[in-house]
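The structure appears right after this line, and notes come after that.
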Amino acid sequence: MSAETWQQVVFWIFALLITGAGVLVVTTRNVIHAALWLVGALMGAAAMYVLLFAEFVAWVQVLVYVGAIVVLMLFGLMLTRAPIGSAEFDNNQRPLAALCAAAVFVVTSVILIGAFEGQEINFARTAGTSTESIGTAIFSSYVWPFEVVSILLLAALVGAVVIARRD
Amino acid sequence: MPVSFFLVLSALLFSIGIYGVLARQHAVLVLLSIELMLNAVNINLVAFSAMLQEAGLGGQVFALFVIAVAAAEVGVGLAIVILIYRNRQSVDLDELDLMKW
Amino acid sequence: MGLLADDALRRVDTAVGNRLMDQRVDFGHVDIKVAPENLVEVVTALRDLEFLSCKFFTFLTGIDRSEYADEPGGLEVLIHLYSVEHVFHVNVHVPVDSEHPVCPSIVSIFRGAEWQERECHEMFGVEFEGNSNLSNLFLPEDFEGHPLLRSFKLPSRFVKAWPGAKDPEEASAGGR
Amino acid sequence: MPEIALTTWQILLLKVAVILVVVPMGALVGGYAEHKVMAHLQHRLGPMYPGGFHGWATTLADGIKFLFKEDIIPAAADRKVFSLAPAAIMVPIIMVYLVIPMDRTLVVEDLDVGIFYLLAISSLSTIGILMAGWSSANKYALIGALRSAAQLIAYELPIVLSAAAVAMLAGTLSLNGIVEAQNFPFILWPPGIGLALFLVFVTGAVAEMTRVPFDMPVAESEIITGPFTEYTGMRYIFSHMFAEMGHMVAFGGIATTLFLGGYRPIIPWEPLELIPGVVWFAAKTMMMIFLFLWIRPTFPRVREDQLQKFAWKFLIPVSLALILFTGAWVLYV
Amino acid sequence: MATTEDRVVDASEVAAEVSRGNLLTEEMVLNVGPQHPATHGVFRLLATLDGEVLVNADPVIGYMHRGYEKLVEARDYRQITNLVSRMDWLSGINNELPLALALETLMEIEVPARAQYMRVAMCEMNRILNHLMFFASFGAELGAITPTFYAFREREDIQMAMEMTTGGRMHFGFFRPGGLKEDAPKGFFQQALKGVRQVIERLPDYENLLIGNEIFKQRTVNVGILPQDVAYSYGVSGPIARGSDISFDVRKDEPYSSYDHFDFNVHSAPNGDCFDRFWVLLHEVVESAKIVEQAIEGMPDGPIMGKVPRVVQAPKGEVYVRTENPLGELGMYLVSDGDRRPYRLKIRTPSYSNVSALPYVLKNTYVSDMIAILGSFFFVLGDIDR
């Protein structure tokens, strides 16, 4: 089998994983299970990034998203002891929501497929992007957004502390 | 590999996220759904970045920024949820119709 | 070394002598007898007065003298206090009614009395007025009777004599 | 010797097989070392009989004993999560070994972002611990899981920061590159900074492994091994014992790679180069493991709030300052 | 790093907030025990938690209640000697002493000097055994495992000496009203001296291992403070009381069994926290070792049994006798109506009174401090439940 086929196989496996896990996140009846399924979806996305030669992004995804954000979510859930178990967490607008989501999906897919028809990702050309080039990109072309994001993070940090403080 | 594979996957994930945001009552579950949507965006960005290699690494860099923003969002979001829970003993978004407490 | 017992008794006498039913020295310890209604006052004085300062709460228990040889008596609550400063002991005997034993609680004076009163309650059935929590401390919640009363016989004593009371051969011959 | 031609795939499989042997062996050796090192530090013999020589088979016997134990899942537990948790703890630990270079070529995959991969993967087992603690339906387990998560988040930062400083010194994120950059091990050179970074890393590592003095999440005398209270038999072995030992060996290897010059001799001197790299690596890793084991019988356990304060108010500022110093060193020296 | 003081304030402040109802957080009831490594036996603590703060702690005892006070009423005195040594199983021989003393007081028996010195030596050796055990367990509770093994190594030699004489390692049954069961066997004195000298020699090292450790200090200093007046009103005695600045030791205040012949200090510490309790405990070990040395070196010759009638039968009367058990004041109030059995024997055990102060100390502390406090309260379950 050619490398191309292998990539296709890997893509389909992880696409199924992401979709399945995503669907379970929004339908499962247990909040902790939902968070754990989100881990599955995120890991699948990380695998996608590896497939797309964005290794650095993939590991940042694992480190920050899975290692920190989801842990924080689980931590918060267990700490507050808010209802976790098999209670009904959905409201009564499920059909409407499904309809809405389906509409969004259909419309965007049609537009996207139409717009990017025939465009290929050429894996042969890509020798993988080195981490160094990402660093260079961040600190040259994108240094302003980087600073803005830093300030945003700082603000969020302060904000979270202020909100959650007991006084 | 056609780029539209990734785009459709991303659109699908985004729609799942939309469904979750609309249909869920539990605040944390809504946050989780938002994470799904952000990830859909990331897949898009990275796929475009791979497609347009000559144009630089903007896609990947922005994916990193999105992750950073997601971290900030979860931090503040979770703090709010905990605060609401502490004051109202509930994280049901449909019950939070008061603008003050 | 601390006070001689006679000196201690004199001090107790000056402090609360008019409240006592009986006072004497027994094996170097001051023995006083107090009616339940005067108990709180006497114990407070024993603790707070400078020249007594019996601050150390040793124990509180009951004694059922109903089968005491020759001179059977009633039920009494016994409180033992000790003065760390002046090194002397006071035994406070509080005679209570055997049928309906009631005694004022001294938890407000000595915190340690809480558990001891609970124990005394379950073991002797003494009601301590003012102690809000008199649930069983040692015994199971559904235990019936007050085991340290003399009228409460150890059932096993009747079913089977204590093995050491007889020679081993004899005991093993008796079956189980 | 006939030339054996192997395809990339075959080599990869072979390497994975080596890893799958190395990890359990490492855990076994770690377990045995823990028995004996601690015994001798405490003036006792430790296990002496199984296997003949100094009770070497004790760990094996222990493992076999656990194999035969009943696998109990509490009635109130969340069955799926409960049974998956040991795997979620174990798999990341095994995956860590994939990138540690044991010799110039003896590494499964020399990733471009090696350090980053290590840090990302090793943070994953937290999720397993949270899963275990929550699904056990036991208050002690839940408290343990929460403590564990809080601790791992807090101590991840010093580790990441000190590893980042190492990456700055080496000018690469690849682990092989880092080893090659260490003509003198980083612990010796740059003087002071390297040692301080090493100490920060080791402190963070001990906390990540939840060993004394940072073993609040599994404190036996308080919450009775915390998240793993309800686990029995093989699940217990995998989630706790094996994971702890695997973690310890892995962190020994990481510290060796980052600070002690990995598979290279301690000083660049020709005769020392004759000794194979694997030997150097193994010796240094053993030393690190001994250090970890030495810490355990020496200290009491710190309290949860002291632990958090230590991380946030001392370790993280110190490691940030060290990053600054490292940057200055790289730029101006 | 923040000092421990502001942490203490912190916990009580949070608890005060909770009680004012300002914070709507859920309280969780945690069952510590009956089987829990930190409780050393079947002891249950119902802990109401608010986060990591203990809002309320309710000890539940009685799992080991054997009803000694009832049992002794049906047994004669020679049987009781062996019964009481099972109360505080870590210091068996100390438990036998007050019973012997009570009977000797009532029956007016003179105990020969050699028996008295032997009693002191054995009681103090037993005290060392007991204190070393708590040294071990306290370390283990705080996560330091090494003290356990060191303590047990030191215990062994002394334990051997005890075993040589009495034949038992825990329940000795060796004191009789009027004296001892037997004289010391050959080699006992050497073995005992070897044991205590080892303890004196090595104890500074152990002190450094724990007391000199910064983490240990952080865990114990200003944790679980028991103020002096509270200690009095709960009747707390022994090393715990001395840790709360109460210089109260029966051996000094009302010497029994020739304790006035020996030169020793009573250590007390000012703060009443876990550290002080532990400090007192460790220093008592050295004092006890010194007493044993003095007793053995000055051991008089002579009989080991006074003039005791063939049937031990106490005359009518009531007496309260107290001794300094390793854990505090062990007292026996003996009411005799002239029978071979006691009419009533109230046993005042130290652990019972000491533990009754636990709810006070545990209030508004952290969960992890709870373990340190439980460990520093040095109790034996058999001694609580009797």
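Here the chain labels run A, B, C, D and E in written order, and each chain numbers its own residues starting at 1.
Please note the rule applied: a residue touches a chain if its C-beta (ideal position, glycine included) is under 8 Å from a C-beta of that chain, and two chains touch if they have at least 3 such contacts.
From a predicted model like this one, the values you see are computed outputs, not experimental measurements.
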Quiz item: Which chains contact both subunit C and subunit E?
Solution: none
Quiz prompt | Between the pairs D-E and A-B, the one where more C-beta pairs touch | solution = A-B
Self-check item: subunit A and subunit B: spacing of chain centres that average the CA atoms, whole Å
Solution: 7
Exercise. Just give me the whole-number Å value for how far the CA centre of subunit C lies from that of subunit D.
Key: 61
Quiz prompt | Length of the line joining the C-alpha centres of subunit A and subunit D, rounded to whole Å | solution = 28
Quiz item: How many angstrom lie between the CA centroids of subunit B and subunit D, rounded to a whole number?
Solution: 33
Quiz item: Touching two or more other chains, which residues of subunit B qualify?
Solution: 86
Quiz prompt | Contacts with 2+ other chains: residues of subunit E | solution = 23, 28
Quiz prompt | Multi-chain contact residues (two or more partners), subunit A | solution = 56, 60, 68, 72, 79
Practice problem: Using the touch definition up top, name the residues of subunit D that touch subunit E in the complex. | Solution: 38, 41-44, 139-140, 143, 212-213, 215-216, 219-222, 224, 296-306, 309-310, 313-314
Exercise. Over in the complex, which subunit C residues touch subunit E? Could you list them?
Key: 1-2, 26-27, 29, 55-59, 61, 63-64, 67-70, 78, 80, 84, 87, 89, 91, 109-112, 114-116, 123, 136-139, 147-148, 152, 154, 157, 162, 164
Quiz item: Across the complex, what residues on subunit E touch subunit D?
Solution: 1-2, 7, 28, 30, 36-38, 52, 139-146, 149-150, 153, 210, 213, 215-216, 218-219, 366-369, 371
Quiz item: Contact residues on subunit A for subunit D in the complex?
Solution: 30, 32-33, 36, 39, 55-56, 59-60, 62-63, 66-68, 70-72, 74-75, 78-79, 128, 130-131
Quiz item: In the complex of these two chains, what residues of subunit E are touching subunit C?
Solution: 61-62, 65, 67, 69-71, 74-75, 79, 105, 229-230, 232-237, 246, 248, 253-254, 316-320, 322, 329, 331, 333, 335, 337-339, 343-344, 346, 348, 352-353, 356-357, 360, 385
